[in-house]
């Protein structure tokens, strides 16, 4: 029965996890809280403050008074640790690719990726150039694609609304689902 | 009726209900077991236990009221800033976006907590706890009215103001530790800046409130506010009030003095590596400190809960605190960020002499017998 | 009043322009007269019109020519270094501008393809530094005596020189 | 504290785009700085060689997202020089007017980013608000908000829509009033002056030697504006004053840009009043001649040059772009060393970084 505190914590975590995930209790808890948690998630989408090319300007314009993305609770955070969304708004060059992957890895789960504009979707006008990755989905999973060259601010906000719909449809609870992406 | 009284009634009512069952069990069960239950009931109803439970209930009430105020302040901050920026602020979540902060907080609660592999584990996890714990402690001593104050058997906390400022001064320590523990150059610089800034602003801050103590002749919030029944200290000690406001903005790290977390150059400053609710703690704590700062300003300089008695005392107090906060919001909307050496210059070369002048004025007033 | 002012200003502008045109013409004439003597045979082409002086020079005397242009004719702004791949040789095109004389110069230098080396002009114009790094990055031309000749736009470990004509891109 | 290197970028709120500034600091003081660029390198010059002359137009829009029309126009100007085309007078006036609108929009983008860097978010949002007015005008012309593709080889894509003159005049009048509001926010703020005066000094000699151009050069006391000194289009017939400042610091750059916006308003008014009637476009050959040509314009960020070599086919043999920021960034070390970390944002913000043209 002798355990170190770390072992004890791991054991307790495992035991609680098993009970909650398997039993009806867990499902009941989830059913009560999932809606609540989903509400929190969809209403607080914080993208990473990261501009690449033209769409970055439209991203800035979207938070300006005319389009005002702040109404939806969209606030840009500068550090990837505190963000939910990686907004890729331009072509990804081969020099940038490892850095972008690292940014994605640094973000805390749950996280989503939006490919904004043609360049991020497929390389756009620079398709097949020697230094451009043809689409950001070649190395990170993308949830929402927003077409346009450049994307208009309205379209960007629409993309966020689409992402909200996606999260709402996923309806992931806290206990029965593992959030960490495999 | 005051807070202690309400809490006492509430607690004894709850204990009466519990004791109904305990004594019932004692009556039902025979022999030693029944005696034991009867003894438990007696113990619960004894004065000491009742007092301790009352204190817990009282603290909970104070905490909840304070947190509600803090949430409102965050909302006011976002809404008013947005209006000054010609936009709308949070709009869709709840009435006028009031629940936006709650959604943000809940989401942060659900986020993964990342501990960088090269971080100093113990201090990385302890620093946010120290930061938020010390800040919530400040709220304990701030009275909203003579009735609504944390007290023990109706005896107010002696030296409440001193206690508040002692606790205020703990924050730089935890910020420095947090900045160091994350093992990141930005956070280290942010932590150093924060420590330097807060420590150099403590001195003019304390000097400016020393003049208030001098005029009021007490370290208690209650006595200080009572001393302003005729005239607010902000009028005779106007210089001190201005110094105090500037210093408190520096202490709670808002624009123009938010350089420890200057997001443009230091990537969110000393919280760069914190994620999830640990970061949420930091964010919330800054507003808790903001609320504490505004409330202290209202109590020490703006006459606390004094005002025409049509409106309850608590509302008077809170509205004064909110008005001070509105000034901070206004400053944030219209001023750029200042630089490290300039902030220290301002603290040592401008505010400190002004605070000294203010102290001299206070001494002159006291000796001439005006107060 | 305002009409008078604009009238005056436009006249002054016209005068200024006349003076500048004169200065440009003087500069052109001086260069046409003096340069061939100073550089010698290696200056294979010299042609000036409307404040735009075209030169072609051997690569051994590019630094000498540039120093002369900068010191004697006040060409104080190096604007652009273009590299061209003519399949059998490389060509460098320098564009210089002179703020005081308000005239431009274009120097063309040919470099053999198998030995792409040329003197750096960074000691004369600090602004040439990155232009030359870019030329190295894109075309693989080595600048002698350059303080920091690394790739600038592409990753350091990149193997090709993409603007050379033999670097094919599947792009149609 | 020991000296240490700090990486600012590629993801850093200071960068406004995609580059990496490595600074070596001793405590808070910068002792060395190495800019690292190329994260947005798209191989533009290689792509140009594979496209026909009309196809290149839309790509040049993407050279600089802040002032796309300037680059589009520069491309058309260069090709017109190569083909020795003379474009209609009205098209020239329209071009001048749109260039100046683009300059205002670009400078507004600059002041927005600059204010956000200094922690003044009101400046950001206000400038973006006024920028929308000019974007609306451009949208009426071309149908697009950011990348217009409005200039064509041999003129402009279309004539002005109806009532455009009225809207443009109204926008300019409104904007001139708003500029005074900006001045109240910046020039009259003690903290703004404290953050800018004497910061990022680039002496006149250094500026010329490093090849710095545009507002940054003029803020260093050199009154050299390509629009005035080597006029293109119809700038010769328009009365305006090139702006310069003897300050050499961030504040000087601020003053130059603010005054340039005022001058741009004047130019738009004059262009509108002097604009003749007539066609806006001439027929152009699809095949370019042999030979080379150079186009040189005053971009909002500095001197933009395109150098084209034609080989007698429908594609250019070589099209070289001279980007102003590419050169100004190479002078970053001269501007940064000796100042504090907090000044990095002010200095790098004041030169108006746009990575699209820099990395090409």
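Before moving on, here are some points about what is shown:
Each chain carries a letter (A, B, C and D) given by its place in the written order, and its residues are counted from 1.
What we mean here is this: contacts are C-beta pairs under 8 Å (C-beta built on N, C-alpha and C of every residue); 3 or more make two chains touch, one makes a residue touch a chain.
It should be emphasised that the depicted structure is a prediction, and the values quoted were computed from it without experimental measurement.
If you compare C-D with A-C, the chain pair joined by more contacting C-beta pairs is C-D. Rounded to a whole number, the gap between the C-alpha centres of chain C and chain D is 22 angstrom. Chain centres here are Cα means. That of chain A falls 49 Å from that of chain C. With centres defined as mean CA coordinates, chain B is found 34 Å away from chain A.
A separation of 65 Å divides the Cα centre of chain B from that of chain C. Residues of chain C found to touch two or more other chains are 153-155, 162, 167, 169, 171. Counting only residues that touch two or more partner chains, chain A has 64-65, 78, 95, 129-131. The set of chain D residues touching two or more other chains comprises 12-13, 38, 41, 43, 46-47, 125, 129, 359.
Chain pairs that touch one another, listed by label: A-B, A-C, A-D, B-D, C-D.
Of all residues in chain C, only 6, 9-10, 13, 20, 76-80, 82-85, 93, 95, 99, 102, 104, 106, 125-131, 134, 138, 151-155, 162-163, 167, 169, 171-172 touch chain D in the complex they form. Residues of chain A touching chain C in their complex: 94-95, 128-131.
Interface residues of chain D, counted against chain B in their complex, comprise 4, 6, 8, 12-14, 28, 115-123, 125-126, 129, 185, 189, 191-192, 194-195, 340-345.
Only residues 37-38, 41, 43, 45-47, 50, 206, 208-213, 222, 224, 229-230, 239, 292, 294, 303, 305, 307, 309, 317-318, 320, 322, 326-327, 329-331, 359-360 of chain D touch chain C when the two sit together in their complex. Residues 82, 85-93, 97, 99-100, 102-104, 106-108, 110-114, 263, 267-268, 271-276, 279 of chain B are the ones that touch chain A when the two sit in their complex.
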